[in-house]
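To start, the structure under review is shown below, and the notes come after it.
The chains carry the letters A, B, C, D and E, assigned in the order they are written, with residues numbered from 1 in each.
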């Protein structure tokens, strides 16, 4: 589904991503963790080309990601993304937020789009908020709307960039529940998160990044119980203590 | 991966889908279009001017103007050149804009502060003033002051007489003109001394405050010095200034200094109009300083007037200065409405009469626009410098 | 070429004054009247056969030459004085004179001034961008007097300023002074001083470099003057068409090809004369003794009657 | 320790209540406030009372001509007698129904915006006002089609002309300004450069020099024979002038939109123009409503400058009748009438913008 | 030091403070707590006349507080105040913030004022930030500057209005440390705070306010272990659970 070869990226002089290699199969669920500034966000933002990479190849669902606008558009249609700060459109109602992309990008008839949207809003358990505006919702609700919005495009892959880190503790759970359910339904997922409970429950693989490199890559069972790299051990110690 | 030393590069997209190629092509098209439009306009103008027999060039600036101008800050009579009329117009524009900026700032600040007064009546009067004056076109206000108000003043023979030395009539305000006689240098010297002493006194006061903590009343003492020393000089020399007192002679007042009513009307309108905008700027600037700042300062024991000077004003100024500058720019540009009532500003004298006598429309309009452009650029430059100097240091 | 442009547009764009009674003045319905306006209409009648096919473009004195130079208007008929500079360096051509005028002074009777030589120190209202402005400066300098020029941008405004006592004297061409006097709140309280300080031949203007159009405008006016000389008027054109007088026949196009060589129809003067009339009619109708302006013909009389109107012959 | 009994709420002391308190706090709180109140109050009364007397109480509102007026009182008869000219300029009397119809359509589009009517109806009326109305108004007022007699633009005037200038200017300046603002924030240096130069040029020069160029010099710059209507040129001048101001206002709004909004829209697969149209501009424009309103108001006021190039807008129409010798000294009345008209429109617009700002506020915290 | 008799205050019709009585001795440290809106802030703001009271008497250091400007200024010179939102002057550097009042109010020579200021900046442990601007500091650092600024006037009494409630958890400690040290030096302090740990450590008395009244007043030992009033009990239960 996703094929990353020798991915390199620089911000000016600063080498953020150093020769990353990763291959994700359909339906796989990957959790990426690592200290702040290690390039996790940059990495997954490369996958739907919110950041351009300078060397290496990314192939998503068989399409190579380069500067070609056609390819970028094709890939973005298949890849949904959820941000740390929700980034809902405050001037549109919850429902309109969910309709926007299906109508304008997929050119779905409005009626049909509404049905899909309501379906996903139900799935994230807030169908009753459809006519409210994002500003009127709590953080957890907003993030669930953001997930529904991404799902409405019926993407093959979902990217999550620390979806719970801007939330209050009570709200984290409601969002994680939705994500776990989603994982259960067989969606291919790439998820940057520090919620180790979530990683343990749903991840097929956990990737640990530091200094722009993939330091360790393992199934959660081995990753948590038996990390091989000292950097991973240090990180896990710190994070599990907290 | 099969790494044979050559780094993997993202594949090249098809050129028509490559955003970089698109951007370059798009920009080239835009640049060419603009260049083409510019070139066509230029060509058209040249060929039109040629085919219509219009002479070109700036040689006309050296020809004799031959017309009179009612008011001039620099020496001018009709035997001088068109180049001179440009300067006369420019000086008059600068005069009316400068005075306008000064007065509008004063009125605007007073009204802006009045908007925040604790006195209900004052607050409402200021509000009414602002809402009325900024919602009526400036040109109309100029006409109103010129025709409907100043136009009703009496003629010179029935002029309003202020102590036989100053007169107000529909020919303007006539004031006595000082004529300095030999001993008058001492007055100037007194003024200079007053300024210098005040300057050094301010420095001394600052140093003394730093050393001993004593606060010295610089402002009142400075005012007394700056006004008093020249007066002292005047008295010592036994009044070395004689006044050219205007007197009614023939048609009009002779002697004295005249401020023509066109200047008055323009100034009134520009001031009141712009001040209504400045008042709002000042109000929002002061309101932008949070209440906590005042409270913190009061809690430290600073008396209210010092809170204003040391805490509120410096912070409000950052918010006030940028929009204030654009009001200054607007005022300067709006002074060109002088043409509607015949105040001899740049647009009136140069783009009006001079253009008409010489017919060199393109050159004259270009010169006029260049003047306004440079004023605008100059002010923006100053503003950027100021902004950089006072920008809040943030993390 | 302008002639073709006018024909294509079906309309003549003619620059006139923003408001000067007797010369060009809109009434409250926007209908223009005046001798300058009729001059435009005569050209329209000659070129297009319809005296009403004119778009009047009101211009201030300061705008007029720029508007003509730029091509904004096809001809300018706006009490404009014919001078060397204008003819030569502004790129304009004067096609003739439709009113011989001279600059004078209008002053409040109450001031007791009876000669322009007593005007030392006066505030003088004058229109911007006119020869008047220049003559004024010359005259006061020549007589070693001081003055204060209150420059306004239109003749109405100058009358208004004078009426409001912003200035002591109003200076302009005497014909204009007579016209403007009618606009004062107390017309009888103002007198025109006897001095005439300049020659002001006023006439229509076209751009330089288009001789065909220059000729058309020039000969329409000459045609009107000739018509008066030979006694052709709007009342008797039809009879005159039968006339045996070769001069009359050439003017009316029944003989010769005067129209054709000008690029017009041969009977172009018939259109002009039926719709506008000859010069005398134009004068009487707009500024003559029976109008509120009340000017006598004076020098604007035909040369045969002791005036200086002398049009070259149609031949 | 004994059980604590909550104390009852007491009413505030007398000095803290009622009109007395209001007076004390608002007018006489300190000695200098009292002095100020008295001075300002006296000044107000001494100017307002004669003014009100002049303008309303002894003023003459109805009559057939100048004779009806009384000295020392406002002569509104003048306005009443010339109202037709002030509103329609030289527009032929028998065709006044055409502008009237346009005024009615205009009212239909605008007035409901202030009324508590279903939002959907308001929206459609607003859309009609921005698209259908100008087209309909053009065909109605200019004529020349559908069997309507054509009326040349030189005969348009008065309030009608003022409104046409302002309305068309507003409708055109907003999109042009928005494009300029987008251009100024573009990543393409040449596009950005062009927009910057354009904006700064128009902002730096006085409008009347632009109008002068547009009205008498334009043919110099164009190929021979190409001309436009004078009114159209004034309109283009005013529009471009205000577009530059509008561009700066909109740019402020664009800068205020958080980067996350751009990214979220991009991640959903929306292209540049859709991103701008659907996500960024609706938010940016909403933020800068007050700035847009100010620009629109100043555009409206600036339409008076066409007087200088010889168009008879409302001010021009009134000013030209003031020189009529039949009416002695009605200057103040004439100008006050114009001032009142402009004031009503400008003040109305600024109130409306406040309202709009509130209505559009969807209470977003983000 | 502070003597409050029958203090009453209204905001319009609303009776905020109801017959408060309090007497604070030199060197005493009082902590005021209570639910939101109970009038705590209003009360301590009355003490340096940031709010005027309408009935009752306040005497600070022997000077009666009334509308007399001289008295108000005299009292404000002796009473330092620290706000919840720091209220540092953003246009002045940290050092200038500390110099302002000594120079303009106490008329201290600048050199001397600088010495004092540096002394107190050292005491709040940020002498090295003296030339930075408030905007460049973290919240905790800003609050410490605010304390130093108040101390520079060498006040006899310090008022604190929830000095830590706008801070992130890590920063709360650094500010509390400074306050505890200050308390140790014998300063008279009146402190509105919900930091019960702080109250237990330093307070001589804890005052509980509710509905504009002083409901309970006791030394911390009794206050926390043995509150007499049901309202206090309810409040303590809620706050200690959290």
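Here is the rule we use: a contact is a pair of C-beta atoms (placed from the backbone, for glycine too) under 8 Å apart; a residue touches a chain by one contact, two chains touch by 3 or more.
Worth saying up front: this structure is predicted, and the values here are computed from it rather than measured.
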| item | value |
| --- | --- |
| Chains in simultaneous contact with chain A and chain C | B, D |
| Chain pair with more C-beta contacts, A-B versus B-E | B-E |
| Most distant chain from chain D, judged by the mean position of its C-alpha atoms | E |
| Chain C and chain D, separation of their C-alpha mean positions in angstrom | 42 |
| Centre-to-centre distance between chain E and chain C (centres being mean Cα positions), rounded to whole Å | 89 |
| Distance between chain centroids, defined by C-alpha means - chain B, chain D (Å) | 26 |
| Chain centre separation in whole Å, for chain D relative to chain A (CA means) | 48 |
| Numbers and ranges of chain B residues touching at least 2 other chains | 48, 51, 147, 151, 339-340, 361 |
| Chain D residues counted as touching two or more neighbouring chains | 212, 216-217, 219-220, 224, 322 |
| Per-residue multi-chain contacts in chain E, two or more chains | none |
| Touching pairs - complete list by chain label | A-B, A-D, B-C, B-D, B-E, C-D, D-E |
| Interface residues, chain D side, partner chain C - complex | 85, 89-90, 92-93, 152, 154-155, 212, 215-220, 224-225, 227, 230, 309-310, 320-323, 325, 328 |
| Residue ranges of chain D touching chain E (in the complex, touch as defined) | 1, 3-4, 6-7, 9-13, 15-17 |
| Footprint of chain D on chain C - complex, ascending | 5, 18-19, 26, 28-30, 55-60, 63, 66-67, 69-72, 156, 159-160, 182-185, 187 |
| Interface residues, chain B side, partner chain D - complex | 23, 26-28, 30-31, 34, 40-41, 44-45, 48-49, 51, 117-122, 125, 131-132, 134-140, 143-144, 147-148, 151, 329, 333-334, 336-337, 339-340, 347, 351, 361-362, 365, 368-369, 372-373, 375-377 |
| Chain B to chain E touching residues, read off their complex | 209-215, 290, 292-293, 295-303, 306, 310-311, 314-315, 318, 390, 392-395 |
